[in-house]
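Worksheet: one structure, shown below.
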Amino acid sequence: MTFIRALLLIAAGSCLLLAQSSRETKTEAAPANSAAQIAELVLANHILTMNGVLDAYGHVSVRSARNPNHFYLARHIPAGTVTAADVIEYDLDSKQVGGNPGTGYTERFIHGEIYRARPDVMAVVHCHSPEVIPFTVTGVPLRPLIHMAAFLGGPIPVFEIRDSAGITDMLIRDAALGRALAKTLGNNTAALLRGHGAVVVAPSLHVVAGRSYYMSVNAKAQQQAIQMGAGKVTYLDPGEAQKALPQDGYERSWQLWKQQVAAK
Amino acid sequence: MTFIRALLLIAAGSCLLLAQSSRETKTEAAPANSAAQIAELVLANHILTMNGVLDAYGHVSVRSARNPNHFYLARHIPAGTVTAADVIEYDLDSKQVGGNPGTGYTERFIHGEIYRARPDVMAVVHCHSPEVIPFTVTGVPLRPLIHMAAFLGGPIPVFEIRDSAGITDMLIRDAALGRALAKTLGNNTAALLRGHGAVVVAPSLHVVAGRSYYMSVNAKAQQQAIQMGAGKVTYLDPGEAQKALPQDGYERSWQLWKQQVAAK
Amino acid sequence: MTFIRALLLIAAGSCLLLAQSSRETKTEAAPANSAAQIAELVLANHILTMNGVLDAYGHVSVRSARNPNHFYLARHIPAGTVTAADVIEYDLDSKQVGGNPGTGYTERFIHGEIYRARPDVMAVVHCHSPEVIPFTVTGVPLRPLIHMAAFLGGPIPVFEIRDSAGITDMLIRDAALGRALAKTLGNNTAALLRGHGAVVVAPSLHVVAGRSYYMSVNAKAQQQAIQMGAGKVTYLDPGEAQKALPQDGYERSWQLWKQQVAAK
Amino acid sequence: MTFIRALLLIAAGSCLLLAQSSRETKTEAAPANSAAQIAELVLANHILTMNGVLDAYGHVSVRSARNPNHFYLARHIPAGTVTAADVIEYDLDSKQVGGNPGTGYTERFIHGEIYRARPDVMAVVHCHSPEVIPFTVTGVPLRPLIHMAAFLGGPIPVFEIRDSAGITDMLIRDAALGRALAKTLGNNTAALLRGHGAVVVAPSLHVVAGRSYYMSVNAKAQQQAIQMGAGKVTYLDPGEAQKALPQDGYERSWQLWKQQVAAK
């Protein structure tokens, strides 16, 4: 009997350990299998819709782990409705090379040209977050104010499409415009688009999701601080922006949002 | 066996294609059948309540596809509670000509007179969106700031009811007031009502739903930009406002909201 | 068979009429039966919690239809948790005279003294709505800006408790303070309490619910208008505030909120 | 029969009394049993996530009732996902001494050092509430404006990490930084962290939950008042801040939030 009790205790303890370690906020390795990557991309679409980053028109992509000259991006449907069957595989010319046939987002060139220009970037978000819009139209630079947005680094560049292409419908609808935007982005983690929104880049889907969310939190807090402080605002020291970078890969946010999406 | 496997693969692929194409964000043709139009109108009532455009007092209508001198509008109940049995058919004098008998909205004349004055308009929203109110009472013009609100065109006219009728209860309660409002609207896509709200017009229910929502997004962003930018704000160039117009008929927004309403 | 078909048609039509008329936004007569009044009060507690007017500390009461010298108010629990078993019957001295025994809200004197001073008032809300707080501490008067808040009439009085009782814990914890507040309220439809919140009064529960909600909507819009308009804001003309009063008894709002509470 | 009816009435009345008294907003004694304390801590994690105080990165702890030199705090997972199996027992050096083995929050030293410096503190929250951020970066002091935030006492101190440790990643990642923060906190009920968030302390979990929530409400209202009032704002008199303190231990808020968490 004692032996059985001991076995039961050991079993119970092991179960607890297993349950616990499965919820450890360890940095998940980016999936190498395309089905796994596509599943993560679908989840990212839903997470970013739920936490307010993506409206019906924004999008998120991930560079293929099998082929760094390809990336995955959904068809031109609302991010909140994306399933695995909607994911298209593109080459860096933003031409479809895999996945179910479908019409892509008009602005898929945002993703293709950024992946081409930035070998370090593994995931890209294009969003219309209302919180950043005032920073796209006033000349006031969006800068890191809170430690969770340290990744912004310094003032974020603003892409003014008229400098590249004069009067347009304001969409990044071809490779030339995509290259112009990528040039404005340079080595930054984000860029704003005047009267339009933003792009955010990162080394993984989890990180790009966290960065997009906290960019909006920073923007809203910065605007309030500017108004209340009559312009006298303390931003992150450049050294702090550097050091605060490797938070935890925003893994904890991803785990919380993943649970919240599943609970809906 | 190989033959059967092949058949199964073909069947699976076909199902995927069918599922995918049914979710293509193609521009849905406006329904010509009155039952279909009424069903879409009911859905519009619920979508616009869910996304915050309509409170218990706002309303949305659609011009009849069978008879351009008629339009459909619910009885005087909250938009969020409308069913097909609540829809009334009106002539352009805003007199009931069909549907279950019922008391109409006091302000049904907003719809009748706009349909009369604007043969191009197929759907009308009257809302009390709080975000636009500051633009109705300060003389600051609501103008397109974001590409999703390019439809605003230029500064939106403001209807001051005292110019037409002196001191009133501020409701558009007869044809004369409806005509005065329609005159202020002119050829614009929207007009504001001082201390009251707005009207938004469009070539379809899907478009009027998207326009009403993004008008509020624009209003809120514009107000924040004006305050943060100390008045120095970059608006859409008139040419951009023209070119950015045919977004996608706001079809993608409609699909997302339709899914969200169904999930409630 | 024709006779049966006719009967079926008549039956179907009658059902539709019945269903429709039961959802007509007619002004519901205030219930005369105490159980019915208590049920309405419980619903008001839940509606006002759901629509953001009442936090865990606010409360709402209704004058007894059987005895105008009595009123109903819940025990000192969060409004969102109130049931019929929690409702206490008070006299105008805010002493319990009926209902299950229980500890009342410390500030029940707000209700008792207002019912005593205002024979026209049948329902009272005391709330901590954050939107009105800035108007209680800046000297900027809360005034009707939108037609849905016409009931405010003119600038709303602000009760400064230090004028009555010096340094206190800021609660209306006895009849003397209740009388002082009622005096500040005078014949107005609402009064603000400095650094605390507001009281709103009305001829019925449905109206006090609508007034409380739209007071907050007005406050938020007014604050934004004041900031954007650099002080130049157009308020309702006094005549408009008078005429816009009998909206519909806020019956349409009540019906919407009642449906939303039931759906939770 | 009459006797049976009488018995039934007595039984019914007793049941009502029992039901009522079980929902009396009496001040619950802090649980002395560790399992009970851990259960309350888990609930606090979920309440504070639901009411917006804690994002994926904030945390809440409670001093052990069995051993005042120990405290309970979850592993480094999002507060909204915490279960009893995730709670760790720490000593005042923030070293694990009990509970399932796990990696703790990097900033557990916030809790350990505050418990060491403040024998009166039984619960601690560390949050990133966006509403307080502007007060951490503008030099404008957060002060009690509303009676529900009287606990703030007076202007809240701001911890500037560069004064202690120069350029860092801005986290309180060791005992030295924890001591520096505790020194800034002094005998206050809260302290702000520049560009980061806040800590709030209290004699119990229920009180620290209510204080954290109403600190954010106060911050938002204060910011709006400062902007609208052109700087002329009436704050709580110091005497009022003292007297308004023993509200009800925020017990009513806790009961409401507990019910709302259970209903999700």
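Going in written order, the chains are labelled A, B, C and D, and every chain counts its residues from 1.
Please note the rule applied: contacts are C-beta pairs under 8 Å (C-beta built on N, C-alpha and C of every residue); 3 or more make two chains touch, one makes a residue touch a chain.
None of the values given here were measured: they were computed from a predicted structure.
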Common touching chains of chain D and chain B: A, C
Chain whose Cα centroid lies at the greatest distance from that of chain C: A
Same or different residue numbers at the chain B/chain C copy interface, by half rule: different
Equivalent-chain rotation between chain D and chain A, CA atoms, steps of 5 degrees: 90
Chain A and chain B: spacing of chain centres that average the CA atoms, whole Å: 31
CA centroid of chain A to CA centroid of chain C, Å: 44
Multi-chain contact residues (two or more partners), chain D: 227
Chain contact topology (line, ring, star, complete or other): ring
Pairs of chains, among all present, that meet the touch criterion: A-B, A-D, B-C, C-D
In the complex, chain C residues that touch chain B: 16-17, 19-20, 23-25, 145-148, 150, 217, 220-221, 224-225, 227-229, 232-237, 239-240, 243-245, 248, 252-253, 255-257, 259-260
For the chain A and chain B complex, residues of the former touching the latter: 55-57, 75-78, 80-81, 85-86, 100-103, 128, 130, 133-134, 137-140, 162, 167-171, 194-196, 223, 226-227
